[in-house]
Amino acid sequence: MQNFMTIRTDLAIEAREMVTKHVSHEVSGVDVVTSKDEDVLITRVNITNQAAEDALGKPIGKYITIEAQGLKYNDEDLHEKIAGFLAEELNGLIKINSAATVLVVGLGNRNITPDALGPKTIEKLVVTRHLKDMLLDDVKDRMRLVCAIEPGVLGITGMETAEIIQGIVTKIKPDIVIAIDALAAAASHRVNTTIQLANTGIHPGSGVDNKRFGLNQATLGVPVIAIGVPTVVHASTIAMDTIHALKEHASFARYFKSLENLSAGECQTIIRQVLPETLGNLMVTPKEIDQIITDISTVVAKGINQALHDKIDYENIHTCIKYI
Amino acid sequence: MQNFMTIRTDLAIEAREMVTKHVSHEVSGVDVVTSKDEDVLITRVNITNQAAEDALGKPIGKYITIEAQGLKYNDEDLHEKIAGFLAEELNGLIKINSAATVLVVGLGNRNITPDALGPKTIEKLVVTRHLKDMLLDDVKDRMRLVCAIEPGVLGITGMETAEIIQGIVTKIKPDIVIAIDALAAAASHRVNTTIQLANTGIHPGSGVDNKRFGLNQATLGVPVIAIGVPTVVHASTIAMDTIHALKEHASFARYFKSLENLSAGECQTIIRQVLPETLGNLMVTPKEIDQIITDISTVVAKGINQALHDKIDYENIHTCIKYI
Amino acid sequence: MQNFMTIRTDLAIEAREMVTKHVSHEVSGVDVVTSKDEDVLITRVNITNQAAEDALGKPIGKYITIEAQGLKYNDEDLHEKIAGFLAEELNGLIKINSAATVLVVGLGNRNITPDALGPKTIEKLVVTRHLKDMLLDDVKDRMRLVCAIEPGVLGITGMETAEIIQGIVTKIKPDIVIAIDALAAAASHRVNTTIQLANTGIHPGSGVDNKRFGLNQATLGVPVIAIGVPTVVHASTIAMDTIHALKEHASFARYFKSLENLSAGECQTIIRQVLPETLGNLMVTPKEIDQIITDISTVVAKGINQALHDKIDYENIHTCIKYI
Amino acid sequence: MQNFMTIRTDLAIEAREMVTKHVSHEVSGVDVVTSKDEDVLITRVNITNQAAEDALGKPIGKYITIEAQGLKYNDEDLHEKIAGFLAEELNGLIKINSAATVLVVGLGNRNITPDALGPKTIEKLVVTRHLKDMLLDDVKDRMRLVCAIEPGVLGITGMETAEIIQGIVTKIKPDIVIAIDALAAAASHRVNTTIQLANTGIHPGSGVDNKRFGLNQATLGVPVIAIGVPTVVHASTIAMDTIHALKEHASFARYFKSLENLSAGECQTIIRQVLPETLGNLMVTPKEIDQIITDISTVVAKGINQALHDKIDYENIHTCIKYI
């Protein structure tokens, strides 16, 4: 049973699928509620005890995925709708008053396209913290003080992202941190189609870049909401999926004696042969990834803007700031 | 025997490998000469008759590959050396006089990173055609008149690249065309490690974007040299490689009855399951692809600059143009 | 009288202002009609005879300027309105049937931000020419066949833009050419606030880059509509404006004996001192020029899309192409 | 005497020129030493007492300018030489041991080309702090622990740069901070030709963006070296220079009664007329600014890399890090 987790995933929904597939019953301590319309499926996974945390490899907490195949197409109306759902779910997760200070962190490397989701989202946020002394009185207690940072990546800064954010949090004292990150999916159909929110923050080993330190209540001292979008699958996932497809496809049974006995180690041997280590970290992305990252970062930024500035009419935010 | 070509490749060297693997002897009409040093392997494949053309699926002509694992790393000295080899091989292929007009075409879409090799190379060329009336007398008959164009891609221009280049060739009347293109490799270890030169031009169905029309002597009326670098493998190649690895790895024999009987159609079934068609054209690239394309386009541009401006000291080209 | 044209301008409206200021009456052969609302001023200048052409330094033809200070701000509603006006005026200028082929040319250098208007507009056009064999029957005779090219600039291509476009026109045989270009304004208040349409094409010496060849009916053999937006003023214009302000400001009269006698040559002496020639071509732009060029290129592209695809519902163009 | 400072400058050398021009003698408390070769002029200005600080409007401290017209041209040999001078002067200013931790801060907005000098320099630094546990023993005590951050700008982050850096400094505890910034010059001939080093840090009101808070020993608690390059002049400087040229050019004397009496207020009136306030902050830059910023950021990064990693052979830094 230990090898079904060989394909590591940043998505709680995928972790749960893998587990339930193998134990063939729902895991206790994992509550799942879904809602959907013709375009969008929302799944709320609540991990409520230690046993469930151990089984899924995800900390106790709430995980919400918003899935829509249309997220990766250039469909403005659908994107607007998804941004609305994101705002709603985000509002459900954050419990802060209307004048709270919020620090949004855009993780990732802007020079690597599929990892640039965080930095590109940050650029489109309506930041307001620096306006606090210039706000009209009737706006003042209704506008959250939003600030944002793109901390860069270890190889460029020489500093752990957690160190940078810890330093800034000590100085700025936000009530909550929202961290945006590009993730690796375990299945190619989730690439650029899924947004995950989690109230557990970001943990070591997650993200396209495999963070070494976490950003969460334990490391920062304030609640951390993580918003992640899988933008790549690792090439090794494609190879692994192929082996699984061979094993599971009934019509191939006649070719195999006992492929289900193929061990995790043997799978690794095959993958190493297909993908020599000298190649480094090969990623699988659609050709249109530049445009897709631009679009999805807009969706995420709109969702956050709506959620954080929900007490004032969204259409008027721009004007409102202009008058100040 | 018909299914070994299921994995289409733009590289003659890969086509030959696939064929010889299956017929287990050298194909007649295919001459192969290699030379190497500690870093670089150069293979010159000469397809000399129709039978060889049919067997390899590549037109009669000369194909040279310059292979170096170090091409994809940021190693200035090695890149300088590879540029020198490229210049030498290019000079061997082009038979034009020292005052000829050369049109260099940078194929591909600059907004899709791994397809931007051509456009990025064009920017770094030493173009000289517009200087012809301003050249010093002693330089005049030693300097080739180089011009360059980035024609864009069909989805952006609404015109076939071949139409655009035909129009320009009619007007400019170059003696030769050099076309630079990003290719898809059949094996992941060739991604960003190989430069192919061919005196056969570019044929329909090649390149990352699968060109619909060719750029070659037949369509343009002048010789066309193609310079191609594989910058991606298709995700389907990874899946296919995995199946091949399973079939070929001796230690897995015990799991299979007769996997070699797995047909091309059955392989397609598996790949479609792993990579649903809705995903579009998934590509596999290294994470560092932006930097790699910048570096390799510099190598290719330097090689072309050296080859075309070989009658004047390369170090002085810049100064020389400045004095004009 | 000959020195009032020292400040060269690409805008007919500015040429006319300079002339009328000096001759203090309307020039015969120049018809001017304006219309305006609270945000936008539209001026239609019709140069109808040779005398007017000589006086204004602009060929006989129609020149329309759409002026709005808000063009340079990020105001979506106003931008939508301006795009609508542009579509209307463009439709008034082009006399082509509903199935005509239109070639749109994006002039300028994409690597020099204020000169990148043309290239950036091209990217956002709805091109349709390559779809002609795939159109639904009821769309076929209502959809113009639009294609587009970014020819690059002389220093990068080694070819005159006119040569490239002549070659392509010969091959593609469009019914009309639309050329988009960034211009230099003669007054800083017009920078990024004005769109000029002209049915006279583009003439040598115009544009940020001072084209050496024209793109017009004489050089291409088909009508050419020019769409230009001033995105810079030359630094020398600021210096010249300062001298004019000194001359004209009544309250400074006491400092001058006879500044109106300051000759064009003396002005040049001052400007050379302020702006040594070694500085090259200094340009004046707002700090936000990157964002502004992104926004205005969107306005121009929307206007062209609406004008060219006016027989089909604009909102449905995307869907329509998707179904094809 | 108070209006000669109307043209504010970030360069101590310009401040000194303006002052000495007006008082027509050297200011006491200002030591000036220059050295030069055929390409480069180095001026070391030492402000040693409060009177000099007040006269020049620059804090007590050392200011070094490296001036070379060739800095703005694409001249690799000269750039290499300038980087060497920069390393030397930087080494003279910083008094830290060979295993010190250094935080380099790249100020400015990467989306506004002439303000992107800081962010673009950061990307090219050899950062080493994250390698400290992986260094070979014989390298360990010879390699400075360099880290780097691009804090963004107030309008994007909602946080003062000083707040962000204070937070990071508290966490990282560097021995020294080096801050890189794009400046506004008071004279157009200094644009992209001058690098200023100062051991006084950065003070409110300086830089292209007019920082509101300072980065200096007082605000950060550690020494701050500022490296600045003027990349723009404000358009108002061009207008002001024109008025000065008119006043000073002997041959124009006959036109003026008493232009020297033109007050600062009257100058402002003229400039407001030439440059209406609605235009926002117009900047003057060369057309080639994108390329120039790329080149100069490389020079600055090379200079810093050489200075900070001077105990190990510069050519081997890359290899050295690779072995780690």
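When the chains are written out, they are named A, B, C and D in that same order, and each has its own residue count from 1.
The definition used in the following text is that contacts are C-beta pairs under 8 Å (C-beta built on N, C-alpha and C of every residue); 3 or more make two chains touch, one makes a residue touch a chain.
Note that this is a predicted model, so its numbers are computed, not measured.
Peer 1: Starting from the defined contact criterion, work out which chains touch subunit A and subunit B both, please.
Peer 2: Neighbours common to subunit A and subunit B are absent.
Peer 1: Identify, among A-D, C-D or B-C, the interface equivalent of A-B, where equivalent means over half of the contact pairs coincide by residue number.
Peer 2: C-D
Peer 1: Between subunit B and subunit C, what distance separates the C-alpha centroids? Give it in angstrom.
Peer 2: Once rounded, the distance between the two centres reads 39 Å.
Peer 1: Taking each chain's centre as its mean C-alpha position, how far apart are subunit C and subunit D in Å?
Peer 2: Centre-to-centre distance between subunit C and subunit D: 37 Å.
Peer 1: Counting in whole Å, what is the centre-to-centre distance of subunit B and subunit D, each centre being its mean C-alpha position?
Peer 2: That gives a centre separation of 44 Å.
Peer 1: Residues of subunit B that contact two or more other chains, please.
Peer 2: Only 111 qualify.
Peer 1: Going by the touch rule stated at the top, which chains touch which?
Peer 2: Every pair of chains meeting the touch criterion: A-B, A-D, B-C, C-D.
Peer 1: Would you mind writing out the residues of subunit D in touch with subunit A in their complex?
Peer 2: Interface residues on the subunit D side: 111, 122-123, 127-131, 145-152, 154-160, 163-164, 166-172.
Peer 1: Okay, in this complex, where on subunit C does subunit D touch?
Peer 2: Subunit C residues touching subunit D: 69, 111-113, 115, 188-189, 191, 208, 235, 238-239, 241-243, 245-246, 249, 251-252, 254-259, 261-262, 266, 269-271, 273-276, 278-291.
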